[in-house]
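What follows is subunit A paired twice: with subunit B in the first complex and subunit C in the second.
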Partner chain A sequence: MNRSLLILLAATAGGVALAGCGSPAAEYRRYETFAHKAAQDAGIEKLKASQLSEVDDLLAAFYGTPDEPAIPAVEDADIASVLSLPLLQMAAGPVGSDEQGRPRGLYREHCAHCHGITGDGNGPTAAFLNPYPRDYRPGKFKFKSTPVGGKPTHADLKKVLLEGVAGTAMPSFKLLTDIEVEALTQYVIYLSLRGETERELIRMQAELDLDSEPNARLVNIVTENATDEERQLQQEQMAAVKEKIATVVNKWTGAMDASVEIPPRPEMTPEELVESRKLGRTLFYGSIANCVKCHGDSALGDGQLTDYDDWTKEFIGEGKDPEVVAQYVALGLPEPRNIRPRNLRMGIYRGGMRPIDIYWRIRNGIEGTPMPAATMKPDGDPNAKGLTPDDIWHIVNYIESLPYESISNPNDAAERALERMRM
Partner chain B sequence: MSQREIQRQSPWPHRLAVLLALVTFPLIWVGGLVTTYDAGMAVPDWPGTYGYNLFAYPWTTWVAGPWDLFIEHGHRLLGATAGLVAIALVIVTFLTEKRTVIRFAAAGALVLVVVQGALGGARVLLDARLVAMIHGCLGPAFFAYLAALIAATSCRPPSSERTAAPVSTLGPLARTAWILAALACGQLILGAVLRHIPYGATPQVFRIALVFHLVVAAAVVLQVGWTAVQAWPVGRQFRGLRSPSLALLALVALQIVLGLATYVAKYSWPAWFGDYQFAAAYVVEERSLHQALVTTAHVAGGSLILFTAVTLAMRSSLAAVSGESRAPSAHSQPASPFSALLWKRRTAL
Partner chain C sequence: MYHRLTLIGCAAVAALVFGGAASAMAQQWGDLEMDFVLGDAFKAEKIVPDKDVAFCGKHPLFRENVVVDPATKGVKNVAVYLLATPGKKVAVHPDYEKTAKDEVLLDNKDCRYEPHVLALRTSNTLVLGNSDPIGHNMKAEFFNNPPFNDLIPAGGKVKKTLKAAESAFVPVQCSIHGWMGSYVLIKDDPYVGISDEKGHLVIKNLPVGEHTFIVWQENTGYISKPVKVNGKATTWARGRMKVTIKPGANKIGKVELTPEALKLK
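And now, the complex of A and B:
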């Protein structure tokens, strides 16, 4: 019996090894989930294979391959301000280094096993991780200083790489050299641009009217003996594609200095701080901020446990239809998992531990997650509903005192925190 | 070969085999570091280093150079040293040893060193992950081979100090130990798959490999427990059986801790620990010394378990055969064909 068990084991081990090694040279993976969704949205059954391969070709023309990245040549965007080719080349390609110790293939060395070659957050190790590694393609990032819908600044991304994300698998890369971190930061932007472009192109394909013109393409192929009109049309089509890419790029270039301004944290005496925390607590449980709805009565992060993040919700909605879920999982969506609001009694913040980081999270929300941006009071209307920057600082002060608050007797929390401070 | 002949046997093949193992173990560590730091391609050519002959590469450039160049070249130097020791081993064995099996075994060690070196070179020249993986698996396999060689060349084969040897219990022990060695070997392969997981692989591949790695880990634990249970009574009569089985218990316990630590050092605590402060605050630090040491120790630990399992298996097999020869009336079967071959002449006495 032992012997047959052994043979079985050996065979499986060998099989696993071969399955892994049989994979071909690095290639970008197609955005199957989005192609399916775009087709559904457009009311067609699915995109034709020729349409998808045109998307692949256009992407390769503008962005190159995993081994040979390219910077898309579009006139209407200052792409050089976010990407530099030598740095991208350092991050792309197979792992190695030259005699000067200059590295190559940094992304594959450090990131691809989690985030995937394509940046689809679906590398080989991804299935085990919770939260899943980021899928860069929708262009959404959690920990940033810019408002919801905006791109992170360069500094925001770099901070994530340098500090990692506590309590998740996302490592800190502070032991890499500055130039390496820079190259990787740019490569994330590059993959994100490529992913967003892929979405745009797929959407364009889905909107083509194939019923009246079965062979319609995004960009026609012109032959030697094409007429001027045909050439003209092709150029217009190309211009339309480039315009889409420029829109995508401009979202990034525009974000580079778009951090939300933060009024300085008010100076407070210890007594004022106690008051501020009490105010913060009231807001936390109040109807405007309503933090309690998700983070729970005791702020243990147990209020709202059935929601999903946007990377999942985009495809499966509320996740009510198991068939839809199964369909997308088959197309490569990671098995949907509920997102849990943070346990705020831990005193650990994934997006950074500085008060200003917590302020940003509360002020701007956490993009891609249910955590909403604060409703701010419009300027000049004292009666309007909403929070002021000072209110947000009150909440920050309260959040920071939460780890010291007793769950059974929360009312003395502010005083107890004060005592600790004085000790 | 008579008892007296064994006593006159040259100790040098055994000593050189031990020396070779002593060189090989750090080689496995450094090789593990090469993988951890992905330094395998720090030197793009082979067998030279940047056009220099391996031993002539300016040592100042080496020591003062970048870390990945340092360990990769160091790995090559150690490998070359292993090659030299293996050559010496073959020469000495052919001069002093009469048993053909041992001569072949020594020559085999040299062949393995050469193959391993060539694979290492192919890994650099072809830059292929598959080659890297085979290279990584052959290292521990060679180490295990040395364990067998060391046991076989030993001048003092484990023998019964009393006359009435319970030979019948040696066979089962040997079998358990050989199965353990096979399990440890499979476990090393699975570990290599996990470490060298190709970037294009699907999450499914990694999942299967990881689950198997855990299942086989459980099997190894059971098997080690079983060897200890079997080795204990036999060890009263036979020298050198209890210590490896005790060592295995300790090594496996350590290895499990190292395995969990490796997971955490690479992927952080699983989410269900999220409500503990230490887990929520844990930040994986890529390339940190802590991470490198934990992972490499786990890799080396695997090799050491395999080495010890083979040592125990060889010793019990040899003891079984020598026990038979001493009590020819006991018609028990040879513990393994290999040991029977090795001690054939002696039984014929």
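And now, the complex of A and C:
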């Protein structure tokens, strides 16, 4: 046996040893910011360590671990319609492949460095990105065809993975296979469900009355010689936890086909399009659509610069108390940044550049942000204030023209656009 | 004549049925009354609008996190509400049926939301209105209801049905005009009192018996720091106050809030 072979053998043995016991298994990170907030809201200083570890234990029982995900077993929800275990397993765990050569650990390969193992938007690179990566745990997603408060449809979520988010660090994953994109989409839903469940369980803990019952738990531990009553109580407690999880899951199962229907974009001659843009411009500056208030007098996105998105605002409110901000940053909240209305002269639209994408943003608003949904004029009431679908198409047409409009001489923009179309 | 007879007949039957039910239950009712005052001097912070200055600048605007009447020292917008026990339905006085399906208006008026603190039942409809000539939006995040964020056009309105009860007040905010906001509570039962300008609060027709109430104020959340009730130091842990309601008036008396209890310092 020559010397180089010996070195190779030693190196291999070392490698095996490292893989076997060197790196600890990945763990989910606790939702410390929310635990603090829930305690504050409930008028108590903080949750006890035992309360938080009970939340950890319940989450592990229902959702498994980052290496071995589980689908929560709850009766009142059709969870199989949103999640499939083999696909979750493909996305979970360390990067590699199984005996058949199928990929494993897709989430850690493609997503975790920004979104974090937990899906808390707090991966190692997160602090360096602007905007920050999405934290899935509050269960809110911006770019979708459903109204505020509804979950994105499966297609909405998949589109974000396939197309990426223009103007941000989120790339397109079109080069992955269909099944891989599907696995990752489901894994995002899984992490989001887990996060929303964590919030619910933390809130349940915060509502327990520990003053009168210092050892109260969400679910009592039943010993072998427990009485029937104790067993009964424990079953009721477990049922209450499962009901909360079912509520979280049902928001997803119900939303899968809840896209807001959009009447087709009216066909227009170039002249009509110019007219439509003018109408859109009037609406943009008017008090019914009110776009100008935040997107600014020149649509540069400089009308409202002091607000925060919900992921931040939930904890720091208006952000006026530096002590509160510091407290939450210490608990893992990314350093707060103000949310910027889109600069509409850039021609970069995070939720997609198709006319229908822009329509959806105006019609439904953008969840988790200050962007509100348009108020639609109800049928049969000509005096009611609101927009018609045609009005929204006018605004879409105007917005699409903005990147080409000269700020210094906006009046000739319509004419020049017409010229371009005739060319 | 025939109709009148039928009517009388029906009325008689109805009187029998309802009268019978009422006497069988013999539910008695009592009112809860409290007065909130702030012991220390207080000056509201003036708001200088930075948006729609031409319109909003015309109206005197103050931060409404704590509202104290200079004359009586009464604290406005303190809320006291019956803590709902899960799975237990509370008896509701028949008088409340008249307003059960009412529309409850939360208006944009003179660059502030009116009212600033409001409560409604799951059977009511929340109407988001806008009496101002400028556009506003109203954004709310609930625990148990879907959130909303709607642009309310000048002179327009949007209706919301909120079907699930919430265990706490939820803020509604305007993203355009950052100072504008309100707090709304949604309950299955009607038992909420909100103190008026003079700090006076009343909850009418509670079923008699022992109840736990939550005492809440916007700036501090649950009032859990010591307060003085008729001069006697009292602490409501996590804002919970136990009261045994007797038939008729139940006057708790004067509740003196400290700056500490309102988190003013």
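Throughout what follows, the second predicted complex is superposed on the first by the 395 of 423 C-alpha atoms of A that agree within 3 Å, B and C clash if a C-alpha of one lies under 4 Å from a C-alpha of the other, contacts with A are read in each partner's own complex, and residues count from 1 in each chain.
By our rule, contacts are C-beta pairs under 8 Å (C-beta built on N, C-alpha and C of every residue); 3 or more make two chains touch, one makes a residue touch a chain.
Because the structure is predicted, anything quoted here is derived from the model rather than measured.
Once the two complexes are overlaid on the shared chain, A:K242 sits clear of subunit B and of subunit C alike. Shared-chain residue A:E27: touches subunit B; no touch with subunit C.
In the superposition on chain A, A:V95 makes contact with subunit B only, not with subunit C. Judged by the number of subunit A residues each one touches, B leads among subunit B and subunit C. By the document's definition of touching, of the two partners only subunit B reaches A:K174; subunit C does not. Of the two partner chains placed around the shared chain by superposition, subunit C is the only one that A:C294 touches, whereas subunit B remains out of contact. When the shared chain is aligned, subunit C comes close enough to touch A:M371, but subunit B does not.
Applying the stated contact rule after C-alpha superposition, one finds that A:K48 touches neither subunit B nor subunit C. Within the complex, the subunit C residues that touch subunit A are 51-52, 133-135, 137-139, 141, 143, 146-158, 167-168, 175-176, 178, 221-222, 224, 237-239. Those residues of subunit B that touch subunit A in the shared complex are 38, 41-42, 44, 50, 65-66, 68-69, 127, 129-130, 133, 179, 182-183, 186, 189-190, 192-193, 196-210, 212, 216, 266-271, 274-275, 277, 279-288.
Those residues of subunit A lying in contact with subunit C across their complex are 40-44, 148-150, 203, 207, 209, 211, 287-290, 293-294, 304, 306-307, 310, 314, 318, 365, 367, 370-375, 384-386.
Those residues of subunit A that touch subunit B in the complex are listed here as 2, 6, 9-10, 12-14, 16-17, 19-21, 23-24, 26-27, 94-99, 101, 108-110, 112-113, 116-117, 122-131, 163-176, 300, 334, 340, 343, 346-348.
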